[in-house]
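There are structures below to look over.
Same chain, two partners: subunit A is paired with subunit B first, then with subunit C.
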Partner chain A sequence: MSANTYQLSQEDKKFVGLHIFFAVLALSIGTLFGPLQALEHSGLDLYPYLQPLFKSYYQGLTLHGVLNALVWTTFFITGFLTLVVIVGLKRELRYPKLNRVGFWTMVVGLVMAAIPILLNEASVLYTFYPPLKAHWAFYLGLTLVVVGSWIEGYGFFFTFAAWRKENPGVRSPFIALAAVITMGMWQIATLGVAAEILTMLLPWSLGLIEGTDPQLARTYFWFTGHPLVYFWLLPAYISWYGMLPKQAGGKLFSDSLGRFAFWLFFLLSVPLGFHHQYVDPGVPAGWKFLHALLTYSVFFPSMLTAFTVIASLEYAGRQNGGKGLLGWIRALPWNNPSVSAQLFAGILFFFGGISGLANASYNVNLVLHNTAWVPGHFHLTVASAVTLSFWGISYWLVPYITGKKLLNEKTATWANWLWFIGMIIFSNAMHVLGLLGAPRRTPLGLAPYIPEEWSGHLLRVGIGGSIMFIGAVLFVVTVARTAWSKKAEPAEVEVPVAEAIHDPQDTPQWLDAFKPWLIGTIALIIIAYGPQLVDQIANISLNAPGGKVW
Partner chain B sequence: MSDKNQEFHPKGTLTILIIFVLTLILLWGSVYLILLNRGVTI
Partner chain C sequence: MSTKTSMHIDPYERNWMIVSIVLLLGFATAIAVAAFAFGIQVPSPEQRVDPRTVAESGPWAEPGLRELSPGKYEAYILARTWLFQPREITVPVGSKVTFYVTSADVQHGFKLQNTNLNVQVIPGQVSKLTITFDEPGDYNYICTEYCGNGHAAMFGTVHVTP
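Our next item is the complex of A and B:
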């Protein structure tokens, strides 16, 4: 029996669909502010025309970052992984009510965080560094979103454990294992931001303590902040490894390599946050160097992923009749918008990986730190590799949930192309501007002192951002019409689950066991973070009063 | 699972990864040169 014969119940389809609805809603609102930022950089500041609804560039940037980087991703991921766990294990959730509680906790948190942002009471950007001080409801809302995602994760763990009990000696299905690894990593990673909010930011915003320790807050934040990138990426990888090969007409090249890569991401995602703090004076150089080495170690599972996914695609292309060293690339089904979105995601990530390695390099980072290079880089990761992959998934997921044909493939294809082309223009300009010294998080259009050599690139930021925006509108229109238009025709859609070339049962047992990886992960985190956390907590200085500077 | 599947050698994949590594060295190196050109501050 192939893995794709299991069908979600109507209730579960509706449940997954609710996740996607909130995700796309967040993307729709968050993306509205993208061109406002980009056009502002090119000299066209539209924010004054949005008064009094939206007060400033920084309120818009906060909405853009929080809704796109945190909400769109988290809601999409929890919904997609719900489907992956159910379909992968071919069984219902062990405690469906638990997952419902988790989801609605996230929704309550989203509303609670959104209100102060919309009222300009939390324009602290998505990193919410103190001493910038937001309304307490913002911090509590974000906490509830994270707690809700934890609860949904518990639902996956219980379901996975039940499956293990029912299937002794059987290798767990790759996509389900990968989903559980992703949520396991997330549970560990978010302990940092939980500590930051619960011990400092929330009591501070409520007036219970007078100040914060910005250095410790940044350490807590980046304990979560970098693995957050893998929380975004791993679900995309689940699709690249476990679904895209089937859509492309082939099979997964190696089940074992896929599992090995996911376990290495589990092991290495967390203990490397200091590479975001290379210029922080409170972190000794030796610890920064250790985290730099650990950051470079993530290059290994990243290359394993690149090899396995591309090999799976090469296998598919050759099955489709592709010849020659690279002729198989043309034989991939580029006319399928779900496939092309994910191929574009991979191509853009090719460059995102390179700029990420430059960020991770201790010395080279000094050229790039806090410049426009950094948002240029993460638009190639979260806004390309992740977002375009989620678009690609949506092109079969929304039809699967609604039982309707995608309306239509042409607009979806245009959305992909426009996002791809716009991103090339936008991100290249941002990277070049960073190298020229342009700062990030700055309304450059307001500055009277911009060097002449920046101006052409700033214009490209505006052009690229605007093209991307049209692509995003087409994506939202496509999935919304599919879901709600009466013109959408009924269709039977299957979840694309790729078989592996080799029998997964041949996969070594150590790649299907949690205990050694969990012990290794905790040990590595204690080694990499323990002494510094002890030192920073022992020397905590809650002396930054903070305030509202916008 | 056929013998043909088991003998699959992803030569195109290795070519792409070699191109990736070369591009990585080139682009990373160009940023490193900018760092050096800005001078050493000790």
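Our next item is the complex of A and C:
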């Protein structure tokens, strides 16, 4: 019997389930455009058949980016972390109503942003760089999604604080602390995009001001845009550190190093956004170089994570009877789709990490910026490391909240394998195309400058993308049947929470305290961003009127 | 309650941490050497302009190539929906060309294929890039940032003659 038997109330299960419902709905619609884009690259242009429902490749790409990268992730994360906080702390939410308010604010925002996108009034892609000018409802909707996620975060903070009061001197449970760190980082990170939308984009789209400052807007955007990727990743790490070891039959290798890594991510996620702006003309090279160095420093907690996760898995594999240098790998429960999804996620993330290191490498970025390399990279990260981990989590979470057995393990296993294999083909082709100079965000079938030598790689984009798509369909079918099919059998499912090998009570206090890390984070942000923000804001020119050019 | 202040660290883990830090320093050194010893630098602020009037007065009113001295050129390029002005320029091999690129409307990209010139083109900002063409041939400059409906067709060419 595991140490953890705390159960969510029926209402809370429903509440978490609602998050997952919206998340999977967003993924289903967003992913529909994936194969269309990929096949377009291969020379098969299906967009004429979508008329007049969807007007262009770019409208589709906006839906693809917004629904997959922003909605699938944010809804899944807030839902999953709600469960993590409750189960981790073994107590109810302090103010359940507050979390409900946050959630429904996100839903209202989602609907508000979706309408203009569907009407082709906001085909500005998920980065919405001004002066591409979307309908104001798009910006207001996005703002509400962020505000809603803040409110859900406050709900976690109050709950955590209440637990602290009730448990003086006890180390906080790792997964709950990690959830709170993730949401804390998110509060700080989103200040950039909040400033961008509230001071420029919203008043401009409402006609209150005439233009925007596109350079300053990019600086604000990437203040949020980089830590956004850690907002996606950290919940997957919570599962890798705090749940996967248990599912694999082992324990968490080091509780303290897990916490240490999370605090380092908290500290280092924000102050390095200029690595997305290496080729921006309005940011001095010296600041870009500083952010390049800070970006490398995130390599350190990433390596810690790799070590701890692999060591925990090795421990599990040996507990299962695995022998020899690599025998423990075969001894992992690969036939459990929740485990295999996360193992594939980790393997693909290894390659994504390497390609990300290249992106981050200052002058190397000159060769890669805005090329197909970049979507090649982040389909290995957000669309694999994160997405496959969330699939793996769904395979126990949906049964847990519905009280039914996964229907079934076979379709789930196929989903994982197809995504894994398709992604290897797809991402490899995208990386190669990027090195050859193929631009991203471009229907390459329409581009007049494509050399013949790219065609084999373009074909592989379509093949890999189509295989991935079948995987995604199987995932959606699996969770939908589990939730709604009459054939699904009742089952008692437990939330997998891994114990640590060493007693968490031995974890030093400074790894369980917010204050020093919060102060450090704010100080580092002021050093890394302060002077440039002051300078760019002092020299603001709202002279780019832009418009609707799609 | 424990009062320990140090973490338990496994010896393998300690070595791994050391290796990580060494690798990290290695990468940092590599980009620093490339940037400061070999001069492979990223763009820096050059000049600001008013995107509403940049096409009407000043050097981008008549974009194109100007010869400064034999073998030395500057090229003023205006990006707008959905073309580059000028669409083509021709220089002899061995020429050193400095590009000044800006936008009259939305953001664009400027990537000169098969070179490491690549920049975001932002309304209100001037992007400056310099290159010496050592090999004859045609080099396309393509728009690498989504700029509206005609984005995919937006490109120009540098002809480098032998």
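As a convention for this text, the second predicted complex is superposed on the first by the 546 of 550 C-alpha atoms of A that agree within 3 Å, B and C clash if a C-alpha of one lies under 4 Å from a C-alpha of the other, contacts with A are read in each partner's own complex, and residues count from 1 in each chain.
Everything that follows uses one rule, which is that contacts are C-beta pairs under 8 Å (C-beta built on N, C-alpha and C of every residue); 3 or more make two chains touch, one makes a residue touch a chain.
What you are looking at is a predicted structure, and each value in this text was computed from that prediction instead of being measured.
Asker: In the overlay, answer first, second, both or neither for which of subunit B and subunit C A:Ile354 touches.
Answerer: Touch status of A:Ile354: first partner only.
Asker: When the two structures are laid over each other on chain A, which of subunit B and subunit C touches more residues of subunit A?
Answerer: The partner making contact with more of subunit A's residues is C.
Asker: Counting only touches as set out at the top, which of subunit B and subunit C does A:Phe158 meet: first, second, both, neither?
Answerer: The answer is neither, since A:Phe158 touches no partner chain.
Asker: Which partner does A:Tyr315 reach: the first (subunit B), the second (subunit C), both, or neither?
Answerer: It touches subunit B, and subunit C stays clear.
Asker: Could you tell me if A:Leu326 is touching subunit B, subunit C, both of them or neither one (first, second, both, neither)?
Answerer: It touches subunit B, and subunit C stays clear.
Asker: In the superposed arrangement, which partner chain does A:Leu435 touch: subunit B (first), subunit C (second), both, or neither?
Answerer: First partner only.
Asker: Between subunit B and subunit C, whom does A:Thr507 touch in the aligned arrangement: first, second, both, or neither?
Answerer: It touches subunit C, and subunit B stays clear.
Asker: Just which bits of subunit A does subunit B share with subunit C as contact spots?
Answerer: Dual-contact residues (subunit A): 253, 303, 307, 311, 357, 361, 363-364, 366-367, 502.
Asker: For the complex, give me every residue of subunit A touching subunit C.
Answerer: 56, 58, 61, 125, 129, 131-132, 169, 211, 213-215, 218, 253-254, 256-257, 260, 277-285, 288-289, 292-293, 296-297, 299-300, 303-304, 307-308, 311, 357, 361-367, 369-371, 437, 439-444, 446-449, 502, 505-511, 539, 541, 543-547, 549-550
Asker: Can you tell me which positions in subunit B touch subunit A when the two form their complex?
Answerer: Residues 1, 5-6, 8, 10-13, 15-17, 20, 23-24, 27-28, 31-32, 34-35, 38.
Asker: Using the touch rule from the top, collect the residues of subunit C that touch subunit A in their complex.
Answerer: 1-10, 12-13, 16-17, 20-21, 23-24, 27-28, 30-32, 34-35, 40-46, 48, 50-52, 81, 105-107, 109, 111, 113-114, 116-128, 140, 142-149, 151-153, 155
Asker: Which residues of subunit A touch subunit B once you look at their complex with the stated criterion?
Answerer: 251, 253, 303, 306-307, 310-311, 314-315, 317-318, 325-326, 328-329, 350, 353-355, 357-358, 361, 363-364, 366-368, 435, 501-503
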